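Letters A, B, C and D mark the chains in the order given here, with residues in each chain numbered from 1 onward.
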Amino acid sequence: MEKKWRTAISWHFDHEAYVRGYKLADLIGTLSFTEAIFLVLKGELPSEREKRVLDSIFVSLVEHSIAPPSVIAARAVASGGNSLHVGVGAGILAFGEAHGGALEGAMRFLQENAEKDPETVVNEFFKEGKRIPGYGHRYYKKYDPRSLKIMEIAEREGFYGKYCEFAGKVEKIIEKIKGKKLVLNVDGAIAAVVSEMGFDWRLGKGFFIIGRTAGLVAHVYEELTMEKPFSKRLDEEKEVEYLGLSPRELPERFRKRD
Amino acid sequence: MEKKWRTAISWHFDHEAYVRGYKLADLIGTLSFTEAIFLVLKGELPSEREKRVLDSIFVSLVEHSIAPPSVIAARAVASGGNSLHVGVGAGILAFGEAHGGALEGAMRFLQENAEKDPETVVNEFFKEGKRIPGYGHRYYKKYDPRSLKIMEIAEREGFYGKYCEFAGKVEKIIEKIKGKKLVLNVDGAIAAVVSEMGFDWRLGKGFFIIGRTAGLVAHVYEELTMEKPFSKRLDEEKEVEYLGLSPRELPERFRKRD
Amino acid sequence: MEKKWRTAISWHFDHEAYVRGYKLADLIGTLSFTEAIFLVLKGELPSEREKRVLDSIFVSLVEHSIAPPSVIAARAVASGGNSLHVGVGAGILAFGEAHGGALEGAMRFLQENAEKDPETVVNEFFKEGKRIPGYGHRYYKKYDPRSLKIMEIAEREGFYGKYCEFAGKVEKIIEKIKGKKLVLNVDGAIAAVVSEMGFDWRLGKGFFIIGRTAGLVAHVYEELTMEKPFSKRLDEEKEVEYLGLSPRELPERFRKRD
Amino acid sequence: MEKKWRTAISWHFDHEAYVRGYKLADLIGTLSFTEAIFLVLKGELPSEREKRVLDSIFVSLVEHSIAPPSVIAARAVASGGNSLHVGVGAGILAFGEAHGGALEGAMRFLQENAEKDPETVVNEFFKEGKRIPGYGHRYYKKYDPRSLKIMEIAEREGFYGKYCEFAGKVEKIIEKIKGKKLVLNVDGAIAAVVSEMGFDWRLGKGFFIIGRTAGLVAHVYEELTMEKPFSKRLDEEKEVEYLGLSPRELPERFRKRD
């Protein structure tokens, strides 16, 4: 009978933990954390070049201010009187379509289209009124400095291939069609580079999650050690707009009940 | 061999679902939701009186404004681009020690102490500098109208017994000792009444969760249908105080690396 | 400036909580839990008929055995050494597309198609290879007894309208086209009836969440009081199939590092 | 007015993200992931030695088979038809007192007692019937090879100080008192070393979370790409023991209602 629980990731042989065939105890002190992550995700050990590229990607994602919904959720949950891991778990739940989703979307876009003619692809997207994930930024209008860095590293390490090229062409075509530049943003750049490294777009959100977890841990720790419980409570007068009904009387048939 | 998964709640007999021994299909159209909840939690069907008391308790918990951390978390997670259930799940995670925990705490306090002399109990708590859960309110200084309602209903339905009595005595003793009143709040009143009904304090948070879930569903639905994705993002300038370091240069040894 | 936090659900007037315009304290002892839920979700109080229909729906969802992924997740999380609400929150997270999603899907199907010709609609779905949500059951091949009950109640209470009719026609057309019956299942029946009551399909998962939360509370309580911490651990030998690599040696370049 | 949201972790200066005072863009390609994590958590950049020690710790935690409750929860939630991040979030929720809690507990134990006489400390714990977190293992009875590795690295890198020493002494004293060895396990060893590095025990669970997230990502990705939705469903006959009531009739008063 086929078993319900199946995995190729890790196993115990003689009560010793093995990860992707390597004894875990042998990896301690031998691999860097990034190399171990690569092994877990990809099934094989990375080259020095792959490690350096992946390091640059995780660093670019490690923390991005208190502002995003994930940190709001994480700190609000912590302020309800919870342990560290519950706050962090809630923060990760916020990584939906609109929060980290661009990375997955951009990977999918590149992996499904990089063999096609970029101009045709862009035109089709725009004809259907769809946005191309990985392009555009609130403040960066000429270039996203993080994307430049990541692309530069990818090139230096030999990972500037068809996906990076395609991503660059699309940026130019968008500008030609729209008459204004939508810069290849950091999600788009990461998407191109991890695609070069052979990662499936369905794993895209995973890079975001792994990269950002440290930031969430730091925020929840700060909340738990620096703030009072229940501090994350809205001030209705100052922070909330009420769009509902004014006070009203209960209908007769309910008042009679009591 | 003992099985890892064991339950006394429900089972399929001949592919038909049974809950606590009753065929689920027979309960549809026969029980009210509150009666079914009582059955699931307690293992037996409630009397009419038990049902009315439990209805009053769930109604008192059903929704309590957009302000608490649970709603902040639920709507923040939803705004990250998630489905309804993910937002609601995140909201429930906020129900920690400081958010709904008073109900569990008050149940425990009553169930562990109701046989003792209330004056001795209160004095001991205060000597150890501990707060008694279920007493005190930000705005209600004379009485909590919700507690009065619940106690009145409990009395009318024959559930005003040793726990309610003890809870009332403790309120008076606190006033005597402190010189100011800490009203029996709604958590304290609910705690007394569900204790009368024979519910274990370890289930205390469950009443809060069941009661408040509808409110969370309504808030997440509102977020998803009324607001734009990512709307729950803090404005650093206006809403956040930065307590950290000013911009600084990377130490030499890191700059050399690149 | 438009505020980030806005709601029409509830508000404090003079430090008193109001829900949809009614003073919360006035609802305690006056409304049943189901009536209060209807008020929170819909903005208005239900009629007696609406209440009875909604009660039957929530009862049909209240608990459905230990088997589904939501209970596995809830009890596994609890067994990690967590409080009640964390286990319940994790359980609700499992209510994805494949778990409760049929209710939302069926509501959407009915609300988007009930005005059209059912035969054309079904044919189009099948031509595109899409399943129609709300039809088919593992064991019920002639009829789903829960659907019959709910439809019967809906009819008795005056809520058998265009959605119920359309749902019934679709069942017959599927049988005609496929040559075998796919019964209108309980998700499909609930979907039809809550559509009659004017609820938006985007709220569909909400009925499932509200209904099933009590069951999750009971399961997590059982786990916490009846089982040892960490009892939910897989036995690799008996329960897991390993699809991965056999033990292998670390490549030379890594062994040298140490 | 004091603001509700405060942080010292990161900030935007001129629309550029800064982490602990360093421009994020400057860290990309300059720091390894582990160095960036250290910076986020500690506020300062690590030395080469600190980086190597921290790498060994994260590697030791990166993945530990499909068996634990966190993976069960993560894969069950994913099988409900959810996105990658929802499964990972649910997995992290499982990291309660009994799952990763030993690391936090051991850090606390060491940080609160390392200045005291170890024999007195151990005796006190045993007198109160308390277990000392960080000692004992199901299979390792002589030594935990992972602990040896981590301690060896700590020593080589100059982080074998008072906490490591104290941890070693406690292991010997336990053996003397109990007459059998409870090995310093991997949680205990990590606890000692991160204490040497000046990390607060309240952050303890954070190391576990950061280290293990990659494993959870891999498991959820495997579930989503390799298994069918809803595959994580218990087989009642084979996997579950029913402890509840046999089918019974509804009491008269309920049957009359319908």
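Throughout what follows, a residue touches a chain if its C-beta (ideal position, glycine included) is under 8 Å from a C-beta of that chain, and two chains touch if they have at least 3 such contacts.
In this text, all values refer to a predicted model and were calculated from it rather than measured experimentally.
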{"item": "Given chain A and chain B, the chains that contact each of them", "value": "C, D"}
{"item": "Pair joined by the larger number of C-beta contacts - A-C, A-D", "value": "A-D"}
{"item": "Label of the chain whose CA centroid is most distant from the centroid of chain C", "value": "D"}
{"item": "For chain A paired with chain D, centre-to-centre distance based on mean C-alpha positions, whole Å", "value": "22"}
{"item": "Chain C and chain D, separation of their C-alpha mean positions in angstrom", "value": "33"}
{"item": "Rounded Å distance, chain A centre to chain C centre (Cα mean)", "value": "28"}
{"item": "Residues of chain C whose C-beta touches two or more other chains", "value": "4-12, 27, 29-31, 65-66, 82-83, 86, 89-90, 93, 95-96, 100, 232-234, 236, 240"}
{"item": "Residues of chain D touching chain A in the complex", "value": "4-12, 15, 17, 19, 24-25, 27-34, 36-37, 40-41, 52, 54-56, 58-60, 62-66, 75, 83-86, 88-90, 92-93, 95-96, 100, 139, 145-146, 149-150, 152-153, 200, 202-203, 205-206, 208-211, 213-215, 217-219, 221-222, 224-227, 231-233"}
{"item": "Interface residues, chain C side, partner chain A - complex", "value": "2-13, 18, 20-23, 26-27, 29-31, 43, 45, 82, 86, 93, 234, 236, 239-248, 250-251, 254-255, 257-258"}
{"item": "Contact set on chain A toward chain B in their complex", "value": "65-73, 76-77, 79-82, 86, 89-90, 93-101, 229-230, 232-236, 240"}
